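In the two complexes that follow, chain A is the common piece, with chain B as its partner first and chain C second.
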Partner chain A sequence: MSAEAFPPAVPPAAPPHPREARRQRHAAQLTAHRKEAARDRRVEFALGTLAAGTLALIAAMLVTVLVNGWPSFEANGLGWFGNSGDPVLQFRAMQVGTALPGHPLLYFSAWPLIWGTLLCTIGAVVIALVVSTLAAIFITEFAPLPVRRVLEPVVRLLAGVPSVIYGLVGLLLLAPWVNSLISIPRKESVQYVVQLSGEGLLTATLVLTVMILPIMIALISGALAAVPATWREGSVALGVNRWRTIWRVSVRAARPAIVSATVLGTARALGEAIMLAMIGGGRPWAPNPLDGLTFLFEPIQPLAASIVKEFGDNPNTPIGHTVYAIAALLLFSAALLSLAGWAVRQPLKRYGIGI
Partner chain B sequence: MRRWPQAETIEVGDEWSAPDLLEVYMSGREKQSAFTKTKHERCEGGRAFSILHQIFSNWPPPVHLSAPAGRKDCNAPESKGVPVRAHRTLAVSLTFALMLAAPTAAVAAKRLIIGGSTSVLPLQQKLAAAYHHQFPHIPEPKVEGGQSDIGIAGVASGKFDIGDSSRDPLSTDPHGLVFTKIARDGICVITNDKNPIPNFSQEEIQKIFSGTIRDWGEVEGAKVSGPIELFDRSNASGTQDAFKNIFMGEDLAISPAASAENSNSEEQNAISAAPGAIGFVSFAYTQGVHAANYQGVACSLRNARSGQYGGVRNFWMVSKGAPKGEAAKYIAWVTSGNKTTKNIINSSWIAVH
Partner chain C sequence: MASAGPALQPPAAAIVRPRRESTSSWPLVDRLAYWLCWAVGIGLCVVAVGIVVFMFIKGISALRPSLFVESPSPGVLAEKHSGGFLDPLIGTFILTAIGIGIAAPAGVGIAVWLVEYARPRWLARAVESGIETIAGIPSIVLALFGLLLFARPLFAFLSGSASNGTVGGQSFLNAGIIMSVLALPLVVGASREALLQLPARMREASYALGKTRATTIRRVLLPSSRTGIASGAVLGMGRIIGDTAIILILLGTLKLEGAGGAPVLNTLRGTGSTLSYYIYYYAPSGDGNSPQKAYAAGFVLLMLVLALNALVTRLSKGLSLGTTTWTAKR
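Here is the complex of A and B:
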C-alpha cells in the first residue's frame, strides 16, 4: 500500500497559540506515557505468570511425592527411620508380593540407607570443603597468571562433566585398587555378616568428593577474587603477612560464599543417584565405625541410589510407595539444607561478600 | 510533570500543529528500539502505521505527513525496513534451526524406541542394525537397556514402543501386554579367570548363592582361598529372575549379603576384577571371565541348543496389546525366520523360529 493512499494527506494547518501548542504537546506526552505504562503492565503480568507457573510446578511435585509416599510412612510409623530389618529382604518381599512373617507388606526400615547417605555425603563435603578452599586460595592468590588462566576454565569444565563418567572411572580404576588394599583376613573377619569389596564407603566418598570439588572451587575462587583490593592492601599496610591476610581477610570475607558453595555441594552429593548405585557396593548396609579400618570398605546404598536401584515407577504398588517415601525424605532434607544454609549465612553477610 | 521531557528538547519548527507534534513525538520515541529502527538515524514525518494497527487500534488514522525539507522522511523507502543487526541474527538463527530440524522432519517413518533387558540388548542392537541395513528408508530402531522390569513397565507407560524381557511374564506385570518370543538364551555361572572352577552341581550353586557355603575352601576345584564374593543382580533384572527359577528353585533365596549389580556388563566387570568373585551372566557377556560347567555340561551354545545345558531361558519382545504399525513390522521381521535374523540369533543365542 502506498504511503499516500491512506490516510489521505492533509497539509499542515496554521500555527496555533503557543499556550495551546504547549497544552497539546503535554497531552501527546501523556498519551505516550500511558501507552508505555500499559505495555509494562502486560510484561509484568506475563513474567509473573511464568514465575507463578514454576512455583506451581514445584508445589505439584511436592504434593505428588508426599501423597504417594504417605502409605509407607503410615504403615511403618517412626519405625520407617529405624534399623529393625534388612532392607534387601524388605525390598524383595515388596517386589514379590509376599510379606515377611509378622510384618505388613509395606514393612520398611530405612536406617541403613539414611546412615549410608549421611556418611558419604558428610565425608565428601568435609573433604571437598578443605580441598576446595585451599585450591581456591591457590588459584586466586598464589597461581601465576598463565596457570590461573588455564586452571579457571578447566575447573568450570570439570563442573559440567556428567556424574556417570565419574562413576565409570571409579568403577574401572579406583575400585580394583581399593580391593587390593583389603586383605583376605579382613574379608574373612566379617564374611558371615557383610561382603567387603573395592566398591564401598571409601570409593564412594572419594569419587563423590571429586565430583563436587569443581563447583565448589569455582564458587569460592569467584568470591575470593571479589574481595576488594583495598581491604587486602589495608591489611598488608598494617604489617600483616601474606598468608594471614589471605586467611583473616579474604577467606573471612568470602565466608558467605563458602557456605553457599558447601550447601550446593551437599545438595549435589545428596542427589547423586546413578554414580553411587554403581560404586556404592550394591547392598543397603549401615557401616559401623567401631569396626575400625574395615568400616571404610563396607558397602552402602544411599537414598538416591536406592530410588534408582529399586524400580518403583508405579505409585500404586508397595515398592512404589516406598520409593516415593524415600523421595519425600530427600526433598525434605534438601529443603532443610537450604534453610540451614540461609540461616548460617545471615550473620556472616554483614562483613562478607555474599553471592 | 517535571519528569516529562521539556518542550525545548523536541526539535521541531514552529509551524507544526498538535497532531503533527504527536506524530513526531511518537516517531522520535519509538525509534529507540533496535527492532524497529536502526540505531543512529532519526527520521521525521508521520509514520504510516501498519494495516493491522489501522484495523485494530482505537486511534483515528493518523495524519500523513512528509518531513520538512532537508530532514530524512520516515516514509521514504530507504528509511523503512532497514535491516537491523537483530533482524539479521534472527533470520540466520532461524534458518539454522530449520536446517537442523529438516532432516528429522523429513524422515517419514517413525523411529522405534526399544528398551529393557540388558541380556537382550546385544541381540537387539544387532537385529536393529540389520533391519536398517535391509530397509534403508526405515530409521534404525533405538535400543536401550535398563533391565527387564523397566522394559516391561516402559512399554505399559508408553515410554518404549517395544520392550525387551529376558524373563517370562509374571502375574504382577501390567495388564494388556503381549509377549512375543524371539530367541532363547543361556545363563552361565561365572568366576574370575584366576579361579577356573571346572564344574558346579545344582546343590553347590544353591549352597553358594544362598550363603550356606561362604569360603572357597569348602568348594572343590577352587584355585583361590578366602571368602566367596557373591554378585547378584538388582530386583528389576530378568536374568536374576531366570537364575532364581532355573538354578535356585522355588524355596531358596539368594543371600542378602550379595552385591547387587545393575546390568550384565557391570556384573561381568565386577567378577573380572575380584579374584574371589562368583556370579551369573547371559551368554553374550562371558568374555574375560571363566564360565563354569553346570551339572557336567559346558555352558556353550551347542549344548544349550541341543538341550543338554539346563540353564536356558526365553527372550521376549513386549508390546502393549497386539503390535501395531512400525513395531508390528519390526517384530514380524524378527520372528519371520529369514536368513538374516537366523544368522544373527544363531551367533550367540538359540533360534526359535
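Here is the complex of A and C:
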C-alpha cells in the first residue's frame, strides 16, 4: 500500500453541498427582495412627491397671484377695500389708460363689489342652510323609498348642471318673472340712478341658492345617516316623537357637518363667477338696504363676476393688476374657508362619523 | 334556567314598523316641520324638473341638424348665417380628454399615497387639506393663475407665441392642464373613498403571498376599486365640461384656431372654445346675444351632463346620500 495508490483527491465538480445551495438560493432571493423593496420605496417616493406637488401648487398660486395683484394694493392702500367713487369709472379709466383726475391710474375702490359679494353670498347661504337641512332630514328620515329614488338623482343633477346653464335659465326664465314683479313707479323712482331690469340681487341670490344646495344636502344627509341608530332609538324609546328625535338628537349630532356644509357652500358661492356675471345686472353697484324693497332689485357685480366682466387677457396692465388683486382676495378667502371647514370636521371624526 | 334560554330569544323575523308613522299625535309645530320637509323635497324636484323641461322645450325648438356640422362665425350678427357649434363641440371633447387624461392618473396616485403610504403623517394631513383647498378655489382664480404661469417663456412650447416673442398663454394644452387641477379633488376624493372601503384582508392576503406594496396596489387594490375611480373620473369630466371661466381666460375664441406646426399639435397649441363658452357668448348677456343658439347649445350640454350623471349612477349603484332605518335590526 504505497502513497501512489492513493493520488491526491481532486476537488469534485459535483453539485455543492445542499446547505451551500440553499444559502446561494437564499442570497439570490434576498437580492430580488431587496430590489423589490427598493422599487417599493421608489414608488412611495414618486407618489409622495406627486402629493406634495399639490401643496407646492397652492403655494405657487398664492404667491404669483398676490405678487401680480400687489401694484393695485400698493397704489390704493387700505382704500382698496373702501367705498370712494364708482368702480365703473375706475375700470373704464384703467381700460382706456387715462387716470381719473387727481388719482393714480391704478386708483380703485372695491367696496361695491365686496358688498355685492357679501349680500348675495350671505343671502344664498342662509336660505340654503335652512332648505338643505330640511331636505337632508327629508331624504334620510321621512321620504318613502320611491320618493327617495327620485330625489337622489335630482340632487346629483342639480350638482352637475353647469353654471352657464343656471345663468341662462336665470336670465331667460327667472329674471323676466322678477322684472314683472317690479312696479313701473318703482322703476321710475330710481331711473336716473340705476336701471331695474329683474337682473339683480334677488335673482342672483335665488339662483345662487339652488347652485350651492346640492353639496350642502349631500354633506348634511351623509352625517345624518351616520348618526348611530342606538342614539335615536334611545330617544324614541323614551316616548319622544320622530321629529323631536331627529331635531334634538340627529341634527344636534350632525352639527359639525352642518357648519362644514355652510362653509363649503360659502366657498362655492364666493367663487361663482359666470352665473353672477350673467344675471347680476351688469353694473358694480352697492344695493342699499335703506331703499326698502327696491334694494332687492338693484344690480350687483360681485368680485368673481367682475373678473369675468372686466378682464381682457393681459395680466401686466393696470386692469390686469386690479383683477389679480381681486383674485388674490378671493383666493385667500377660499383658502381660509377650506381651512375652517377642515377644522370644523375634526370633531365628527372622533365619533367615527367621517365624511 | 338554562333550558329556558332559547325561549327568551327574540323572534327571528325583524319587527318591521310602518315606514310612515301617523303624525296625528304630534304637536302642531312638529307636524308643520314634517310637512315643511315634504314641501322642500318636492320643491327641489320641481326646480330640477323645471330647469330640465325649460331647456328641453327651448333647446329642441332651437336645435337644427346644421348646427352640429357648421363652424361658428362670430362676426356675423344675422342668426341665419352665424353658423353652428361644431368647433365648440370638438373643443369640449379635446379639453375633456386632456383634462381627465392628466387628472385621473395624478388623482389616483395621490389617493393611493394618502391611503396606502401617508408617511410622514404631517405631510399626509397637509396634502389632505391641500386637496380640499384646491376644491374650494374658484375656477376663475385658477384660470388667472394659469394665464400668469403659462405666459412665461418657459412654457412657450405649450401655446403659440406672437411674432414679437411674447407668449400668449392661451391654448388647449394650457386650459387642459388647469382643467385637470379643477377635476383633481373629485378624482382624489372618489378614489380615496374606494380604496378606504376595500377590506384589510385583501391587502393582508397579498402581503402574505410575499407581494410588495407596489405590486399589491397595482394588481390587487387598483383593479378592485376601479368603479370608484371611474365614477370620480366621470364626475371630474362633468366639472370640466361645465366650466366656463377657464375657457374665457385661457381659450376664448369661438373657432378652432391653430398655432402652426404639426396637424394635431397645431390644434392643441391653438385656441378654440367649448360648448359652455359658446352658450356664454350667445346668451343675451354676452357679445353674440342670440338666445336661440344658446338654447340649442345648452340643450346639447345638458344632455352631455345628464349622460355623465347617468353613468355615475350606474357606476356607483350602492352609493347614495344615505338613509336611516327605523326598523329594529337583529
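Just so it is clear, the second predicted complex is superposed on the first by the 297 of 355 C-alpha atoms of A that agree within 3 Å, B and C clash if a C-alpha of one lies under 4 Å from a C-alpha of the other, contacts with A are read in each partner's own complex, and residues count from 1 in each chain.
What we mean here is this: a residue touches a chain if its C-beta (ideal position, glycine included) is under 8 Å from a C-beta of that chain, and two chains touch if they have at least 3 such contacts.
Keep in mind that what you see is a predicted model, and the values were worked out from it rather than measured.
**Q** Taking the superposition as given, does A:V131 touch the first partner, chain B, the second, chain C, both, or neither?
**A** Touch status of A:V131: second partner only.
**Q** A:G282 in the overlay: touching chain B, chain C, both, or neither? Say first, second, both or neither.
**A** In the superposition, A:G282 touches chain B and chain C alike.
**Q** Just checking: does A:R244 make contact with chain B only, chain C only, both, or neither of them? Give me first, second, both or neither.
**A** Second partner only.
**Q** Which of the two partners, first being chain B and second being chain C, lies in contact with A:Q191: first, second, both, or neither?
**A** A:Q191 contacts chain B only, not chain C.
**Q** I want to verify the contact counts: of chain B and chain C, which reaches more residues of chain A?
**A** Looking at chain A, the partner in contact with more of its residues is C.
**Q** Taking the superposition as given, does A:V154 touch the first partner, chain B, the second, chain C, both, or neither?
**A** Only chain C; A:V154 stays clear of chain B.
**Q** Which of the two partners, first being chain B and second being chain C, lies in contact with A:H321: first, second, both, or neither?
**A** Neither partner.
**Q** With both complexes overlaid on chain A, does A:L173 touch chain B (first), chain C (second), both or neither?
**A** Second partner only.
**Q** Considering only the touch criterion stated at the top, classify A:F311 as touching first (chain B), second (chain C), both, or neither.
**A** A:F311 sits against chain B and chain C alike.
**Q** I'd like to know which partner A:P16 touches here: chain B for first, chain C for second, both or neither.
**A** first
**Q** Can you pull the chain A residues that chain B and chain C both touch?
**A** 171-172, 277-278, 282, 308, 311, 313
**Q** Flag every residue of chain A that touches chain C in the complex, lowest number first.
**A** 36-37, 39-40, 43-44, 46-48, 50-52, 54-55, 57-58, 60-61, 64-65, 68, 131, 134-145, 147-148, 150-158, 160-169, 171-173, 210, 213, 217-218, 221-222, 224-227, 229, 232, 236, 241-244, 247, 250, 264, 267-268, 270-274, 277-279, 282, 304, 307-308, 311, 313, 315, 323-324, 327, 330-331, 334-335, 337-339, 341-342
**Q** Using the touch definition from the top, list the residues of chain B that touch chain A in their complex.
**A** Interface residues on chain B, with respect to chain A: 1, 4-5, 7, 10, 14-18, 20-22, 25-26, 29, 48, 51, 54, 61-66, 75, 147, 149-150, 153, 157, 172, 174, 214-215, 225-227, 229-232, 234-236, 253, 256-262, 266, 269-270, 273-274, 276.
**Q** Which residues of chain C touch chain A in the complex?
**A** Those residues of chain C that touch chain A are 19-21, 23, 25-26, 30-31, 33-34, 36-38, 40-41, 43-45, 47-52, 54-55, 58, 106, 109-110, 112-114, 117, 119, 123-124, 126-142, 144-145, 147-149, 151, 168-170, 181, 184, 212-215, 217, 238, 241-245, 248-249, 252, 276, 279-280, 283-286, 291, 294-295, 298, 301-302, 305-306, 308-309, 312-313, 320-326, 329.
**Q** Give the list of chain A residues in touch with chain B in this complex.
**A** 1, 3-4, 6-10, 12-13, 15-16, 20-22, 24-33, 86, 88-89, 91-92, 95, 97, 171-172, 175-176, 179, 184, 187-188, 191-195, 197-199, 277-278, 281-283, 299, 308-311, 313-314
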